[in-house]
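Consider the two complexes below, in which chain A is the common component and chain B and chain C are the respective partners.
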Partner chain A sequence: MPDPLVAAEVTRGARGTRGAHIGLAKVAIDRENEEQRVVGCLAAVFFLAALLFAIYGWQQGDTFFLRLGTEALIYAGLALSVDLLLGHGGLLSLGHALFFGLGAYVSALILKDVSPSFWLAIAGGTLSGLLAGTVGGIIAIRARGVYFALITFGMAQVVAKIIYNTQELGASDGIIGIPIVPISLGIVDIRSDDPFAFFTLTLVIVAAIYVLLSYATRTPYGRVLSAIRVNESRLPFLGYSPAYTKLGAFVISSMIAGLSGSLYPMLRGFVSPELMYFEVSTNAVIAVVIGGAGTLVGPLFGAMALVFGKSVVGSYTEHHLIVVGVFFMASVIFLPQGFAGFVKDRFMGSQDDRS
Partner chain B sequence: MDYLQFVLAPQMLNGLSFGLAVILMALGLTIIFGLLDVINMAHGEFYAIGAYVGFVLLGMGLNFWLVVALVPILMLPLGYITERFLVRRVFHSADRHTLTLLLTLGLSMILMDVLKITFGPNTVKPAIPVTGGIEVFDVFLPAYRMLLIAFGAAVITAVYILIYRTSIGAIIRAAAFDKDMASSLGVRVSRVYSMTFAVGVALAGLSGILLAPVFSVFPTMGHDFIILAFTVVIVGGMGSIKGAVLAGLLLTQVQAVASLIVSPVWTDPILFGIMVLVLMLRPQGLFGRLGHA
Partner chain C sequence: MNDTPIISTQNLSISFGGLKAVDDVTLDIERGRITSVIGPNGAGKSTLFNLVSGALAPTSGRIILDGDDVTGMPTRKLQARGLARSFQITNLFPGSTVFENLRLAAHILEPGVRGFLPVSSSPATLARVEKLLSQFNLESVAADRAGHLSHGEQRRLEIAVALACEPKVLMLDEPTQGMSHVDTQETSVLIRKLGENLTVVIVEHDIDLVMDLSDCVVVLAQGRVLAQGTPQQIRGNADVQTAYLGGH
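On to the complex of A and B.
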């Protein structure tokens, strides 16, 4: 447990002795472990609540909320991919709908024209994320800061327009009539139109993405990525290449976005160019920001709040953008660390040394 | 020859009139970025608001040119309030690039929905105020487009003179170059920020009302337009006035000609390709920032 007094003591001593340096590092590590514990608790709460929700829905024979929850989970996957870039690399992508939508289209085409195979579809979606992410990444990582945001924004917009105008891909109508997918999981066989089973499967996939990412951000590679956010110019002096690190993060992130997107047509039975539109990208960013960027668990909560909030507000008025916008702006102004950041500070005392 | 007279020349002329409106829009974006370091994602919505305000004023029976003069004046307070009460709240945080971008993004969502509620989702179109045209070398020149070109060029020149030839402009450039030094020399930097933001928003509104009779007016009109404006700003160099003008002319001409030769569908990828190319060769854009060049 990092004691604020000890921390202050060590900080004061740090100017002088080497021992104090080690002490300071120890405090930092302690603090980080503490952070990890809080975040881990939040994640446990999230996945447990989702599981309880699923079981309750299953007992009630519910379809609507389970499918809405599945959609929220799919968007949570997208939000996780955005958080890897924004929260860890400090790279704000306003175009992740590109990879999400691409994954959805590739998955839809595979399911419809090749074979209704679950594994083939998600492999195709992930692979499309890998390829598009490599090309897009090479273009986008050249730019820093706001330029990066604007380029990803433009990239997604251009591709969305091309798809919108491509007759072979159904143009503005998209692709409809995607068959129900039988999914063989070894022990059990489920179908994509079973709300409970598909929700649980999506939950497992999102949990896997979460575990993978929270592990990856603690590896040396993840540390270098975080270092880019803090001070990119200093990295080359330490012998690291910011460009390759950023490209790697971008590709991983777009693969996750593609994977999440590939689940969409199985849930809704269609894909449309709207999946690539700016709204999808911004929703992912909003989920990350209100949930708490850089925590990975925050965006999960953020995506839930956004999808369910929209559904609730949407039943009263079709102008849910205002509500979301106000909520989002309030969060940016008053809670820049987001929900998870708020909880973290609450449980750890506010000796926050990040500026 | 017929091709030149009936197809290419009118198309390039359309491109030019469109280009001047784009430049007005991009000028606002680039000045705000050059001075405040803020990407205004709500700029497209201010453009739409300008068009709607103009549409309402026209509906009240006012003369078109009076409306063109009134709209930017009415937009000034809106820009001032946005800077004073929203942008400034997160301006001094460490992460201000991202936060101001996110904040204006939220604002753009709200404004778009407010427009939808107030005016309905349908398209409206004010009548073209000046009909007819003249023929030069057998090329028909629609009068309104010619006026748009002349008027746009005049406004751009005025902005240029304001920034580079007046004492107000010197203050703005000084604040952009070194805000602390400018502040210690007695410049009220925060007021300069608010005013400049207001002027940028007014320019967006002006662009909106000028283009309203040519295109139409609908709640999401700023959305498509802002991508082009951003492309112009990036190619020209963020914060550069000269860059915005040259890139605006260049890109809209490319767009006009490419939509004839290739297909309108492919103009966006072509413009985007140019932007990527410029970023690879000159990441800072064609020209330097406001106050730095």
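On to the complex of A and C.
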């Protein structure tokens, strides 16, 4: 064991005059906790606001906005899965619509042909994400950077085209006529066509995903994943395996995308090949970037802004993508850390300003 | 104490295209000593280092670590067998704090199930990190980002990160590279202390430091071992004089 005496032998240089002796790692840990508090507050604001929105919509007897909100939450789930890879692992997936769409199709098929069981459908959607994510992950994680992005993009395009051309899956029309799903939650029984109840259920699921992921990023495993983004090549010299870590993250991410997708047919009553298209993948990435990559809470806000923004702008002009594009560019230029990153800096004081 | 060498290379060679960067190197690194590898630029020091630490696979020859053939074994597995290294160019996680850099490295010693518990819940890792912070005089910068440290501090952190897994063999690639004289002196004291408890292998340009610090010196020239011995023996060696130590 190294000798603690060494510390005494190393002369204290200019640093010694910098101020009081700080209790070893305390400052670093405090800072970390503070960061978690700020992010936790943002998350509380998000879920509380969503709940108030739901209650208000329920009182007003609203359907349209509650359903739009539910759709936004479903895309928020997809955005969370993308943020795990992009914000933490530094892996830009341009093909997460693959897992999202797969989850939606599997869920639709189960609901329509097997049994209108909520639990079976989301289990099927998650499992399809697990399987497809394992296969896709083994292929994709061999590549880095732009090649990783292109491989994920390619895989999603291939599967989307296959489904588009498969008559048994409804080809370009998709699958329609998904039955209304009765959902037994133990204490209450709800139905998927009840806007308030299904919104709230989706909110609970997204909250669970959020809690799970923010927990995961605080484990050593999550720290290794974050380290991959910064300096992958050093990790083997510290004893870690970037490949296994990336594969694990990819599979978890695909499962979450599949789970989110499995809720879609219950909300809208149909699935179509568009769910696997490039636009779905890029929208998730945009939600992550404008919300604040690597914060997890940011993408929740990002997905809301995107879905509601598109709906509002879409009611004025059909060229809403132009507005989304400009909004995205402005956000990248003026809030490079995204919304949540900006709030974090505001409340904590950027570390770059100190010292 | 075991007398067998902790690392042996047998006829180790690697070629890059037509260039034999390391050519038939057979070498024993003794347990519990400080061994330095020196040589002129292009002598193959860093390549030899990369071979032994698993960063490169040899074209031919074998590497024995603690009695086991580890030729071609991936870096991660070598690390698990107690071989850790630092880098000549500081190779850290610049956006993370000093504390986080060390904690990441120290966590590798936690048993598997700990990987799924929050990082903040491990007193053993925390204790190890705090010990390293004080050992390397980095307490006052623990909450600063690694990329914001002075060069000397970054070099110290580089060694501390390598040491966090409590290795048997610590390989330091030019640990004092670019350091001021004072920093070099401090680091020298630090390395000597480390050498009391583990095997240290150093690649270094600073001849004074090497002669001062090492129990054993290996001189490489053009990918081959030119001489090996105590600092006194190396000083007296005519071949070394000619090839390296100021002989022209």
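Quick note on the criterion: the second predicted complex is superposed on the first by the 325 of 355 C-alpha atoms of A that agree within 3 Å, B and C clash if a C-alpha of one lies under 4 Å from a C-alpha of the other, contacts with A are read in each partner's own complex, and residues count from 1 in each chain.
Everything below uses one rule, namely that a contact is a pair of C-beta atoms (placed from the backbone, for glycine too) under 8 Å apart; a residue touches a chain by one contact, two chains touch by 3 or more.
What you see is a predicted model; the values in this text were computed from it and never measured.
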- Message: After the superposition on A, what does A:Ile333 contact: first (chain B), second (chain C), both or neither?
- Response: first
- Would you check which partner chain A:Arg223 touches, where first means chain B only, second means chain C only, and both and neither mean what they say? second
- Message: Going by the contact rule stated at the top, is it chain B or chain C that touches a larger number of residues on chain A?
- Response: C
- Task: May I ask you to decide whether A:Ile162 touches chain B, chain C, both, or neither, giving the answer as first, second, both or neither?
- Result: first
- Given the touch rule stated above, what does A:Gly154 touch, chain B (first), chain C (second), both, or neither? first
- Task: Could you say whether A:Ser241 touches chain B, chain C, both of them, or neither, answering first, second, both or neither?
- Result: second
- Using the superposition on chain A described above, determine whether A:Ile29 touches chain B (first), chain C (second), both, or neither. second
- chain C-contacting residues of chain A that also contact chain B: 355
- Within the complex, which stretch of chain A touches chain B? 86, 90, 92, 139, 142-143, 145-147, 149-151, 153-155, 157-158, 161-162, 165, 278, 282, 285-286, 289, 319, 321-322, 324-326, 328-329, 332-333, 336, 355
- Please name which positions on chain A make contact with chain C in the complex. 1-7, 9-13, 15-16, 18-19, 21-22, 24-25, 27-32, 215, 218-224, 227, 230-231, 233-234, 236-241, 351, 355
- Item | Parts of chain C lying in touch with chain A, wherever the complex brings them together | 53-55, 74-76, 79-80, 84-85, 87, 91-100, 103-105, 107-108, 110, 114-120, 126, 129-131, 133-137, 139-145, 148, 153, 161-166, 182, 186, 189-190, 193-194, 196-198
- Listed in rising order, chain B residues that touch chain A in their complex are 33, 39, 86, 89-90, 93-95, 97-99, 101-103, 105-110, 112-114, 116-117, 223, 227, 230-231, 234, 238, 265, 268-269, 272, 275-276, 279-280, 283
